[in-house]
Amino acid sequence: MTSRMQTVRRVSLAVVRKDLRIEWSSKVLLNQVAPFSLVIMIMFAFALDNEGILQRVAPGLVWLATLFSMLVIVQRSFAVETADGALDALRVAGTEPLGIFIGKSLALMVQLLALELMLLAIALVLYAVEPTAMGYAETFATMLIATIGLGFVGTLYGGLGAGARGRETLLPLLLLPAVAPVLIGATRATEAAFGSGGAQSSEGWPWIGLLAVFAGVFGAVGALAFGPMIEE
Amino acid sequence: MTTTQSTATPTTQKLGIATAIAVSFLVLSGLIFSAEDVVQGSTVRMMYVHVPSIWVAYLAFGLTALCSAVYVSNRSRSLIWDRFAGASAEIGVLFVAISLVTGSLWGRLTWGTFWVWDARLTSTAFLFITYIGYLAVRRLGGTFTQRARRSAIMALLAVLEIPLVHFSVNLWRTLHQKASIADPNAKVQLDGFMLFTLFWGLVSFSMLFAWLLIHRQRLMALEDAVQDQGLDRAIQERRTEAGR
Amino acid sequence: MDLTPRPVTDAESRAQNRRRRWAPMIIVALALVAGGVVVSQFLTSAIDYYCNVDEVGVRDGCVGQRRIRVQGIVVENSLKQTNGVTEFSLVFQDKTLRVQYQGDPGGVFQECIPVVAHGRVVDGVFDSDRIEVKHTNQYVEKNKTRFEATKETAACSQLPG
Amino acid sequence: METVVELSGVVAVLSNFPALAGIDLVVHRGEIVLLHGPNGAGKTSVLRVCAGLLPIERGEGSVMGVNLRTHRESVREQVGLLGHSNGLYLELTVTQNVSFWASTVGATEQEVALAMQRMKIDGRLAHVKASQLSAGQRRRCALASLIVRRASLWLLDEPHAGLDTAGQDELDAILQSAVSSGATVVLASHETQRSRLLATRVVKVDGGLISGSES
């Protein structure tokens, strides 16, 4: 049992380091995904340029932009695996799909978190939102826990379509309904944190609880199902 | 195999005839014999389709999950379970759609709006989209076992939404009314003949589901068999390549 | 360079691999229970579609200047329509709220039935721009002369929970 | 002699096409078996079946005592596969690639250094991104990643392709020393002159079947 845990640890560490290194050297997140999400935020600002509306919907926009960007990151995360047959080699080498799952999830979480912090900053500036100190604490808690859930679910569904034809179009169809609870929960928690539309910050914590439950479910399901999902 | 082979057997033919009679009676009962509601008037008749539809959808998705669980836990990994799961989910999606359409028409007439984002309607919409995704995963390609494995995992995840949908009206305040028959207070909230008609709707729609399911499953089995037969021929062809 | 085959992780751990893994299943089960608790105990006020009349200004999410949805029963003889403005009172648990609606709700809107009004409280009056009829889960045959036929009218004095 | 690979009547399917049409193959420990045959004969599929990647549709198969029908995932730990594609991450440098594959199997830094040295991708090349390498250099990088695995069963698909003569000689030497240390090698090639010299047995594959054998 311990030796299996060691293998999982080793493989997941190797995978997360590898994925982040790839990102560090290719800078796709910085050069493509971040500008993409920035464009989403600005387009919304144009479309909804109406006193009050932007402040009220700002939390939802931050999370919508995060989810759309996540589709791109997940797509990319598995494209590097299938480009030169690395996923095959990984299946042969890892022997422990749990390690691959954890590693890729962690890498996805780190990237998402960086993106969310950027989007938060944009929302504060662009949409003129002013949270309190308590609001900030709540916002960061929301981000952290929502991101854990998103990392697991993104990796699970990304692996499901990896290598299959037509997965580019399938991924949004599968992933967006699955992350709907995160969109709702994180948006409502952030609304509470921002005080949008008269919401109080105490209203946010149950939603954060829901996000934690989501993360738990998909973490465990992913641990069970990721291996079979990437098999032929 | 004969050329006249169909997916019907004497048993399913009898079931089909019985279903046709039951549904015809439901039409008569729902449209003519049953009375108008004191508040809604004739729109109440929509209920005799709406409620049985969502009932069939629950039944279908439940069966999908059950068959998937059997497939996953069974050592033999027989594909018949996968086909039943897939056939059942297809029918379920159809009936959720029927339920959504009849419900929103009724909503327009009674509530004054086609759609609201209350807990029941929102969760039903999730359910619908999730199973459309499930069907998409089944068409992803790959081997039969790959299809079965992927879709079984999805089915076991997706079925968790059903209790949420069903109990949403009890957990939260919704614009959608609570259950009238499966009420926790065990007090039936329908007048006699309305109740009978609704009950008849559940029975006849369940029969319709069974009939559709058997045929769809057999059709899928035949599709798979065609591919398998193709495999035998393909193996023969493949072997002759060596001579060339 | 050493090329002897690397010893595999001991056979025991590989057997472990083949056995069913219970830990994730237990986590899923626990998470689902936790989810049930969160959803049913803590999230009710957040997911509820409406506030009842008696909760306006009292319950979390029903207070302040924000836009809310209020549910109550249209009080008998309170309905007035003048110059395209519909006015009526909503009652729930002995609390009443005066509602002003621009236009005619239409449909099956009438006195003595529960409705949900969208809008804000302005100077003690609920200024509404959208009204939905909340149908109960009771279905009563129209031509019945049983005592249930009077249930809906009785609803005016005897409010359902 | 210990049997490492045993396939009998194996049919394997690639999107409805029977890549293997009932193949029989037995490989013993210490052998270097060359699979040769025309393009599309099924050589690659044999290797992928042995690596536990491709499921068996019909027939029976086992590798190192592991039943491929029921537990094909379990053989992977002991096999090393070099496929058509190199399995490299193009954005990573040579060292990062080899180190990554080394860390998935728990190989040491020293082993990585030695393998890179053997494949002559140390020095200047070590810090070049894989995307900037020539085809031969990428092959060397993939081979170095394979060497650090120290597999029991080496499965190689056209391993000599793209390598210069020096690289091919180096590879042959490595394979021979692996076999003498207790490993087994199965390689697929349609360019057979060099491989024949290396192999202890040649098996002809055609039409998804074994169509002949020579020693």
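By written order: A, B, C and D. Residues from 1 in each chain.
One rule holds for everything that comes next: a contact is a pair of C-beta atoms (placed from the backbone, for glycine too) under 8 Å apart; a residue touches a chain by one contact, two chains touch by 3 or more.
This structure is a prediction, so every number in the text was calculated from the model and none was measured.
Distance from each chain's C-alpha mean to the overall C-alpha mean is smallest for A.
Counting C-beta pairs in contact, the pair that comes out ahead of the other among B-D and B-C is B-C.
Computed centre separation for the pair subunit B/subunit D is 48 angstrom, with centres defined by C-alpha atoms.
Computed from the mean C-alpha positions, the centre of subunit B lies at a distance of 27 Å from the centre of subunit C.
Averaged Cα coordinates give subunit A a centre that lies 33 Å from the centre of subunit B.
Computed centre separation for the pair subunit A/subunit D is 37 angstrom, with centres defined by C-alpha atoms.
Shown for subunit C are the residues that touch two or more other chains, namely 9, 17, 32, 39. Residue positions 7, 221, 231-232 of subunit A are each in touch with at least two other chains.
Residue positions of subunit B touching 2 or more other chains, listed in rising order: 141-143. Chain contacts in this assembly form a complete graph, since each chain touches every other chain.
The touching residues of subunit D, when paired with subunit B in their complex, are 11, 13, 15-18, 21-22, 55, 57, 206-209, 211.
Within the complex, the subunit B residues that touch subunit A are 126, 129-130, 132-133, 136-137, 140-143, 146, 149-150, 153, 157. Note for the complex: subunit A touches subunit D at residues 7, 10-11, 13-15, 17-18, 21-22, 25-26, 80, 83-86, 88-95, 227, 231-232.
Within the complex, the subunit C residues that touch subunit B are 32, 39-40, 44, 47-50, 52, 71, 105-110, 113, 116, 130-144, 148-149, 152.
Within the complex formed with subunit B, the subunit A residues making contact are 160-161, 164-167, 170, 173-174, 177-178, 180, 221, 225, 228-229, 231-232.
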